[in-house]
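Please see the structure below; I have some questions.
Just so it is clear, A, B and C label the chains in written order, and each chain counts residues from 1 on its own.
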Amino acid sequence: MQELITRAKELLENGTVSRVLGWKVGDMPYNPEPAFFDSADTLDNFVYNGFCGANLSKYMIEASTLEGKTLVFLKPCDTYSFNQLLHEHRVDRDKAYIIGVGCKGKLDIDMIKAQGIKGIKDIKGAEMSDACDTLTIDTIYGEKSCAYSKAMLARCHVCKGKEHKIYDELIGESKDTQDQERFAGVEYIESMTPEEKFEFFRNELSKCIRCNACRNVCPACSCRKCVFDSNKFDSAQKANVDSFEEKMFHIIRAFHVAGRCTDCGECSRVCPQGIPLHLFNRKFIKDINEFYGDFSAGETADGDRPLTSFTFEDVEPSIVSERG
Amino acid sequence: MYKIAKENLSALFRKISETMGLYLPISSAGQTNFGAWAEDADVDLTTLKTVKSAKDTFFPQSENLYTCTTEDKKITVTPEKLQEEDFVVFGMKGCDVQGIEVLDRVFLSEPVDSFYAARRNHGTIVALACNEPENSCFCNVFGIDCADPKGIADVATWDMGDFLYWNPITEKGEKLTAYLSDLFEGADDTAVDELKNSIHNIVDKLPYSDLSLEGWGGDALDEKFNSPIWEELYKPCLACGTCTFVCPTCQCYDIKDYNTGNGVQRYRCWDSCMYSDFTMMAHGNNRTSQMQRYRQRFMHKLVYYPANNDGVFSCVGCGRCVDKCPSSLNIVKVIKAFSKEAK
Amino acid sequence: MCECNCHENYNLDTLIPKVGIITGITQETPDVKTFRVNAPQGGKLFEHMPGQCAMLCAPGISEAMFSITSSPTNKEYQEFSIKKCGELTSYLHDLQVGDEITVRGPYGNNFPVDTELKGKNLLFIAGGIGLAPLRSVINYVLDNREDYGTVDILYGSRSADDLVKLEEIQTEWANAENVNVHLTIDREQEGWDGHVGFVPSYLKELNFTTDKTALVCGPPIMIKFVLQGLKELGFTNEQIYTTFELRMKCGVGKCGRCNIGSKYVCKDGPVFRFDEIEKLPDEY
C-alpha cells in the first residue's frame, strides 16, 4: 500500500496527474470508501486492502469532465469496465492515468458476519502484502479466524483472471481466485421449469426496494438520464405500483446492458436485499457466447461487439423459441 | 410480566391473526423483512435487523390516496379507505420503535395525515429486546435502550431461549395481553434483568457506542450548513436511495399519478432526497447539486428536525445505512468528520 | 361505506382534493389567464387568507401550487392568475368554462393583514405575474380600508400588454381613497404614456418615505434589486415581506422538498419577512 501512496504522491507532485481516485480509510477496518485526493498530504488517508471492492471505473465518467488527468487505481476486473466505457466514449483515455493494482480477491463483510462472527473490532490479514489465506478477526467476544476465500465476494469465486486489460503501469501481485464454475448459477436456473423460474425470480425481485443502487453503481448504466428517471413516460415510478413493476425495471436494465456488461458484479455487491442481479447479466453473457462465440465485454476497448455489429451468420431471433 | 414457551409462538401468532392483522420479521429469499404473517411464513426472530425497518407497517413504501375518474368532463374523486382493521406489529426493535416516534412528530402534527393516523390508531406495537446488538448499532447514542424497548411500544418482549417474556406497557398492550392470556403464564422479572445486564455489557463494548453528538442540534445551522466538509463527504455518493429506503426515520415522499386506463390513481411513495429529481417540481428545482442533496439528508436528521422537534434527532442509530451503503458512507462518518474538524 | 367514524377524516386530510369547476376565464395578457373557480354545487371551495396558495391539478397531467389571487372578501369565488409556461399551465389555458379540475388547499401562511400590517401604510411592489399573490392582499386592504393607512402600488411588467389585471388597477385601485398607483413597463411602447423603466429604478425615482411596510413579489432578479433599492431608501428588513416561489409538492410540510433549512415554504411560508429570510441558509 505504501508503494501506491508513494507513487501517487510522485505523480501528483510532478504534475502528471491533477488528482488521485482511490479509496480512503474508513472508520472501521472493513469500510473504506471511494475517494478523490487532490493533494499529497491528503493521501495519508489512502488505503488499499481486501475491502476495497468498489469498482472505480464508473467515477471516471465524472473525472473525464474535470481539468487535468486523474490517477485511477483499477483492479484486473475493473479494467474491463474501463475499456467498455472507453469503447462507448464515456470516459477519456487521455484524462486517465491507470495504475493496475494487484488483487487477491475482495472481501464481503456480510460473508464474515454470516459465519456467526459478531462484534467485530479489527480484522487482520486483508492487506495487499498478506498472503490472503486467513483473516484474523478481533471481536468483543474474543479472537476469531476465517478463511480468506470464505469471506470473498461472490464474484471473486468466478474471477476473470489476474490480468489487467488496460493500464499505464502495474503495482502489486494478483491472484486468480476462481474456484467455482462461472455459469453454474445460470445453468441451475436454466434447468428449472418455467414455473420454477418464475417463482425464483418473483421471490428474489419482490425484495427489490427500488433504491437504484444496482443501476447507479453499474459502469454499463452510464446514460445521462435514465428512462426510469424521466417523467415524460409512466416509467418514473419510484415504487412498485403493481407486482410487475420491479421485474420490468430489472429486466429492462438487463436487456439494456446486454453485450456491454463486463460481469463486474457490482450490482449484486451493492444490493441491500441481496438479490443475485448478476444472474440476469450472466445469462445474457452465456447466450451471447453460445450464439456469437466467446465474447468478453471490455477485454479490449476497440473491435466489434456482437450485439452492435451485423453479420450474415448472426442467429435469427427465432433461436429463442426454437431452443425452448 | 408474563412468559410463553417459544414453541407456542405459532399458536400466539395464529390467535392474533384470527381477529387482527399481524406483521413480523419474515425470511424470504435469504433476507428478513417485516411482512404479513401466514401459516407457512418463515418467521425469523433471530436476525438482529430486518433489511428495511418496520416503517412500512405504518408508512408503506407505496399507498394509494385516491382515484380520479372523469366522465363527461365531470371529475369524481374517490378517497382510498383508511385502515379499519386492528393489527399487531411484532418484533420491532428499540430503534425501530423510536423511528415510529420520529414519524409521529411529522405525520401526527397539524395538519394530521389521516392515512398514517388511522394506522397508528389501529396498530399495536410489540417490541423485542436485542440480545446481541452489532457493530453498526449506536441506538444508545440517541437514548434508546435496546435491552428494554419502551417509548411508544405497547408491549415489550425478551427472547430468553426457551421462553419469550412478555410485558404489557400501555392500555393497548394490556388489551392485547388479555386477549392472548390463555397462552401466557406468569413470570418474574429476575431473568429479564439478567439479560438486560448482559445486553448493556455488549452495548458498552460496541465501537460506535461512544459516538458524540456534540455540536449537533437545532442551533447548529449556519456553522454546519456552510462547512466545506460537505464537499469532501458527498463525493463517493452514488445518489442511490439505499440509505433512505432502509432508514426507519426517513419520511420524505413523492406524490404520483398512475393512469390505470379508466382513471388516475393518485398514490404516494417513499422518495429519496439523494435522487436528482427529488426536488424537481413544476416550479423548478430547489437543490440542483448532489452536494446539496447529500447535505440535506444529514442536516435534516441532525439539525432541521431537532430545530422543529424540541431537539429530538431524526436518527435512531439502527446502523442500517452503515451496513448497506454501496460506497460505505453513512451518518456515523458524517458525525465523526465534523467532530474531527472541531478538534 | 362502513359504520366507523374514520371516514370523517377524509374531510380533514388535505392531500385529498376537492373538485373545482371553472366558472370564468379572463385573458389578462397574451400568456396570462385568470380562472374563476367554484365548487360544482356553487359557492367557494374553501375560505383562505391573502397570500395563501392552493394545489391545482389536472388529473393525470400534473399538479402545481398557485397563489390565490382573489381576496377572501370576495364571497362568491376564488381566482387564480396563471401564466402559461409549462405542461400543466398549457393544459389549464386550454380549459373552457364548465371544465373541472381538482383543487387542494388552502396551504401555507398569509400576509399578516390582521396583525402586523394593521394600521400601517402599505407599499406593494410587483413585477409581472408577481401581482397575483399581492392582488389578494390589495383587495383585502381596500375592502377593509379603515384598518390601514396609505396604499402605494408599484407595478411593472415587460410591456403594457403584459400588465395583469390592468382594468381593475385603473378603474378600481387608482380611484380608491388614499391609493396611489405607479405603473411602469420595461421598454417604450406606442400608446403608452406612463412611466418606462424597470421596477427597481422606478422605486428609487419615487423616493418612498420609510413610514411604510413593503410587500414585494416578482421574478427573483427583481426582488433582489427591489430589496437593494428599499435598503437605500432606508427601509429595514423588518419592514419588507415577500412570498417565495412555489416549488412544493405536498403542501403540508411533510414530503420534505421545499424546505430551506428547517423552514418548509409550503407550511411555514410562502410569506416571509426579510429578517426571517436572512436567517435561512443560502439554498433558495
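Assume contacts are C-beta pairs under 8 Å (C-beta built on N, C-alpha and C of every residue); 3 or more make two chains touch, one makes a residue touch a chain.
Note that the coordinates shown come from a computational prediction; the quantities given were computed from them, not determined experimentally.
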Note = Ranking chains by how close their C-alpha centroid sits to the total C-alpha centroid puts first chain B
Inquiry  = Measuring between Cα centroids, what's the chain most distant from chain B?
reply    = C
Inquiry  = Taking the mean of the C-alpha atoms as each chain's centre, how many Å separate chain A from chain B?
reply    = 30
Message = Centroid of chain A to centroid of chain C, CA atoms only: how many Å?
response = 52
Key: Centre distance in Å when chain B and chain C are each reduced to the mean of their C-alpha atoms   = 39
Note = Within chain C, the set of residues that touch 2 or more other chains is none
Query = Which chain B residues reach two or more other chains?
reply = 254, 259, 271
Ask   = Hey, which residues of chain C end up touching chain B in the complex?
value = 2, 4, 6-7, 9-10, 12-19, 40, 59-60, 62-65, 86-88, 98-102, 245-250, 252, 254-262, 281, 283-284
Ask   = In the complex of these two chains, what residues of chain B are touching chain A?
value = 28-31, 33, 51-52, 61-62, 132, 134-135, 202, 205-207, 235-236, 238-242, 244-246, 254, 256, 258-259, 265, 267, 269-272, 275-277, 280, 322, 324, 326-329, 332-333, 336
Ask   = Considering the complex alone, what residue numbers of chain B touch chain C?
value = 65-66, 68, 70, 73-77, 79, 82-84, 106-107, 111-115, 117-118, 218, 221-222, 225-226, 251-255, 257, 259, 264, 266, 268, 271, 273, 278-279, 281-287, 292, 296, 299-300, 303-305, 307-308
Query = Contact residues on chain A for chain B in the complex?
reply = 26-28, 31-36, 54, 59, 113, 118-121, 140, 203-204, 206-207, 209-213, 215-217, 229, 231, 234, 236-241, 266, 269-270, 272-275
